[in-house]
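A quick write-up on the structure given underneath.
Order as written gives the chain letters A, B and C; numbering starts at 1 within each chain.
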Amino acid sequence: MQRNWKSDWIMYSPIILIEAMINGLLTGSIYALIALGLTLVYGVLHIINFAHGATLAVAMFAVWGLNIAAGIDPYLSILLLAPVFFALGYGVQRFIIGPAAGGDDGNILLITLGLSIFIENALLASFGSDTRAITSDLSFSVVELGPFLISTPRLIGFAGSLIVTVILWFVMTRTDAGKAIRAVAKEKLGASLMGINVAHVYALTFGIGCAALAVAAGLLMPSFYVNPRVGGAFVNIAFTIVVLGGMGSIPGAMIGGLLIGIVESLSGLLLGESLGQIGIFIIFILVLLLKPTGLFGAKA
Amino acid sequence: MKLVETHPNRRTILKTGAAVLGVLSAPSVLRAQAPASIKIGILQPVTGALAQDGEYGRLGAELALEDINKAGGIKSLGGAKLEMVFGDARSNPEAGTQEVERMQEAGVAAIVGGFASPICLASSQAASRYDLPYLVDVGVSDQIVSRGLKNTFRFAPGFSLCTAAAIQNLVRINEEAGKPAKTVVLVHEDGLFGSGLAKLMATELPKYGFEILEQIAVPTPSRDLSNVVLRLRSLNPDLIIPSTYYGETVLLARTMQQQRVRPKAVYAVLNGAASNRRFVAEFPEAAEGVMDCNHWYDPRNEKSKNVQARVEALGKPYNYNIPLNYSSVALLADAIERAASADRGKIIEALGTSSFKGHLMPYGETKFVNGQNTGAAPVSTQVQKGAIKVVFPQDFADAKPVFPANG
Amino acid sequence: MKLQGYLPILVVTALLAVVPFLSNSNTLYNFMVTSLIIALAAQGWNILGGVAGQTSFGHALFFGVGCYTAAMLQFHFGINAWLAFLMALAAGAGAGFIVGFLSFRAGLRGSYFALITLAFAELMRILANASEWTGGAAGLLLKLDPGFANMQFASRASFMWLALAFVFVGLLISRAIAGSRFGAHLVAVRENEDAARALGVDVLTVKLKAISLSGAMTAAAGVLYVQNFLYIDANIGFGAWISIEALLAPLVGGRGLVLGPLIGTFTLHGLGELTKTFAGRVPGIDLMVFAVVLICVVAFASDGMLGLLRRFAPRLAKRIAL
């Protein structure tokens, strides 16, 4: 596609640029929520969880299913699904990934890869490949702020993400469980000598990551769709956020998510949605090359 | 085919004697009783990114095979039944070619399907190594039939036929309404299908006085199309032409509705959702008034109504993949019937000279030129009060276009 | 002792080479060709990820560079296929060098290195999908014109032998590395980079050599892919599928071992074919079975298939000089 970049720059009025930034900020907050689980698991277990996207798809199907079968509002379903997904994540790490991996990082990678293949195809086998969406009363409503039309579900998503981040940050810094998690993240051997059950902490971390996904699913569904492969759309971007924010950092994931949201939005507007994805990967590469610890990461 | 084995006693021997006499006097009857079945390869992606379409395609082919067999199979071959050899193309070209090889080994007489252009390109080439007739169901890339492969036929219209028809229909609809639409934005997915289409539209539309304000490429899958809608709002075109897959069209339509972007018309070309009943059922407001130039069955065709009723009885939407695959299989059966042989060369010859009319599509008589059915054409549909209606050409229309769609 | 190390390679290659005499099933040839192409890509991965311990998630980068270099040189300039193949090797090595130079100099290791390879592959996928030169989203279609000069063969068996010859050369190179000083340096870098540096190993140079070689070998697999299917688009060349295949095979077969990638590929693909047969109508069931078996393999045979051999038949494992 031959395009004249310059004329595009001039063409967009400041109002559109601001609106695009607001959009990016709102979308970025959901990305951040998805990245939160990934960064937490990375920070503690030092593994990249390839099943993250597939787990998100499961959570989105759960939200959809509850809405279709029982008429439960997507936002309400979060209250139900977050504990369920916490338990699910805890169980999967404690009884499948942990024992099967035997402590080897390469193995954990393979197992999460295997899990993602399994989950994606289990969804395909049970729900088929159809794309599904739900429409709630709020789906099409907007909040008018001067010249801007801001989507209500996205605004709710933004608030929800911020709340979850604050809660999580509080849990990590103020509670015993959080302290145990941070101890294991920093010094696994030392923590286990101190009497901390490392396997339990790992599973706890995994559970929190999955619960965050359940929240993200509830916040996404009113304005997004679900099919068995939907997770793939979010995984690469979540990786980027984790790296940008600093692997293992919770505030890093939130700020990284918001930044990436804005970058994606603006580069999409200026370069086109398709080529605009390049902006994200260039940031990804530059951060890795210039400051691999990210914005808030501890030293590697 | 083995006859029932029994220990002969006197009575059966007597009977057999009579039967043998009968057989000797009429040997052709015996052949008619046990003709070998003919294997037909049905290739569809039923896993991976295109699984939704692949399932519809498979259903269409299955229904056709069922009907042909119920109606007595291939009569010129003594009522030989058609037997399906199904292959999952897994939404990628290698898997497609691998399935072609498997089908070749299973001894199929021909292959129908492929759905996506890359799968069709690779699979028809693999089939050409064995002179195995390959009937493309959907794959719209012009390259599929322009490579000179003798085994490859396409019953449905390709890119150039579709865009040509889409433009002609649009120009006519616009003229009849007093030319309300002038400016256009193209929104297309960035793969082979969307990019190719946008390129053709961008060169053709200006010749008819339309002004292309912008071409916006979107990736599949897209996470967010708010920015596309922002641009649409600032460009404020009369017409939006989206060529995207299902998920993105849903996102686009929903975001447009939410952001109150209401162009004079949304005129889709080969869109993944605008002619999909699920879309209309789930998002009636977003879908209302959307036009699409796409593959579609002939709404007045009785046979098609019958197939539609059976599909809907299964709880599935009657999407275009179904009649298209049904028709392609029927076309193949007709060719085998006329060839009176399962020989590949003869089937290819019979396909090449086909003038088949017993299909479900609004095409008229089939006529292949270099593998492309030149009788094929898409139709323009429009979502009107929650139903998908054919609005153009008039010969097949069951409703009048509402244009401009938004006052 | 030294020559004995090459014996298993000869035996395995000879066993695979006689396959066309046993059966003339094209499904089997196709299975063999695809598996051999992936095995070659995985051998490339194994030099960097297995022997030198630098896990890459983005070997699609090199595979795609190989695919597109071969395809574009033939398509745009009508360059002979074999010459294009050599240039693709050079391009693969060059891509490896560039990625290595940037990321190793920045001190990236472990997950950080893995993620940057992924990002490079994705970047190339987006560019290849957008550029006119690579055929954009439509990809490039090479002309079917069988003949040795065009690196295309009318007979499937011939192409299988060609792919096998590539794999054989790859195995010889891997084996030669394993027994060399360079190989010892790679292992030292894998086991403890700082210690290796302290012992006077030029870590950066060693890693750069490894990634260039790895890139060239995986690019060769890309060329084979193009010559076999005569079609390439961005998702095939730079898509995540080949990155995953190239990484899974050595891990399942035996990471860092010469025969690991080959054995891993055939294990995984054999398994895939097997599960396909009892999948039935419902799509996805076969891949679910595949995933369960994969997890079980990791859980119960964590050193890969060759590790299993070592555990249960230590004497045989020693004899074939694992």
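Everything below uses one rule, namely that a contact is a pair of C-beta atoms (placed from the backbone, for glycine too) under 8 Å apart; a residue touches a chain by one contact, two chains touch by 3 or more.
Every value quoted in this text rests on a predicted model; they were computed, and no experiment measured them.
Looking at A-B alongside B-C, one finds more C-beta pairs in contact between the chains of A-B. Chain centres were defined as the mean of their Cα atoms; on that basis the chain farthest from chain A turns out to be B.
One finds 31 Å separating the Cα centroids of chain A and chain C. Spacing of chain B relative to chain C, judged by their CA centroids, is 37 angstrom.
Shared interface positions of chain C, defined as residues touching 2 or more other chains, are 129-130, 283-284, 287.
Among the residues of chain A, those touching two or more other chains are numbered 1, 121, 124, 129, 274-275, 277.
For chain B, the set of residues that touch two or more other chains comprises 46-47, 51, 55, 190, 195, 217.
Against chain B, in their complex, chain A makes its touches with residues 1, 11-13, 16, 19-20, 23, 27, 121, 124, 128-133, 135, 139-142, 149, 151, 223-225, 227, 229-230, 232-234, 237, 264-265, 268-269, 272-275, 277.
Within the complex, the chain C residues that touch chain A are 55, 102-103, 106-109, 111-112, 114-116, 118-120, 122-123, 126-127, 129-130, 244, 248, 251-252, 255, 282-285, 287-288, 290-292, 294-295, 298-299, 302. Residue ranges of chain C in contact with chain B, taken from their complex: 25-27, 29-31, 34, 129-130, 136-139, 141, 144, 154, 229-231, 233, 235-236, 241, 283-284, 287. Listing the residues of chain B that touch chain A in their complex gives 46-52, 54-55, 190, 195, 215-219, 221-228, 230-231, 233-234, 246-247, 250-251, 254-255, 257-260, 278, 282-283, 285. Note for the complex: chain B touches chain C at residues 46-47, 51, 55, 88, 92-94, 97-98, 101-102, 104-105, 118, 121-122, 125, 128-129, 141, 143, 147, 190-196, 217.
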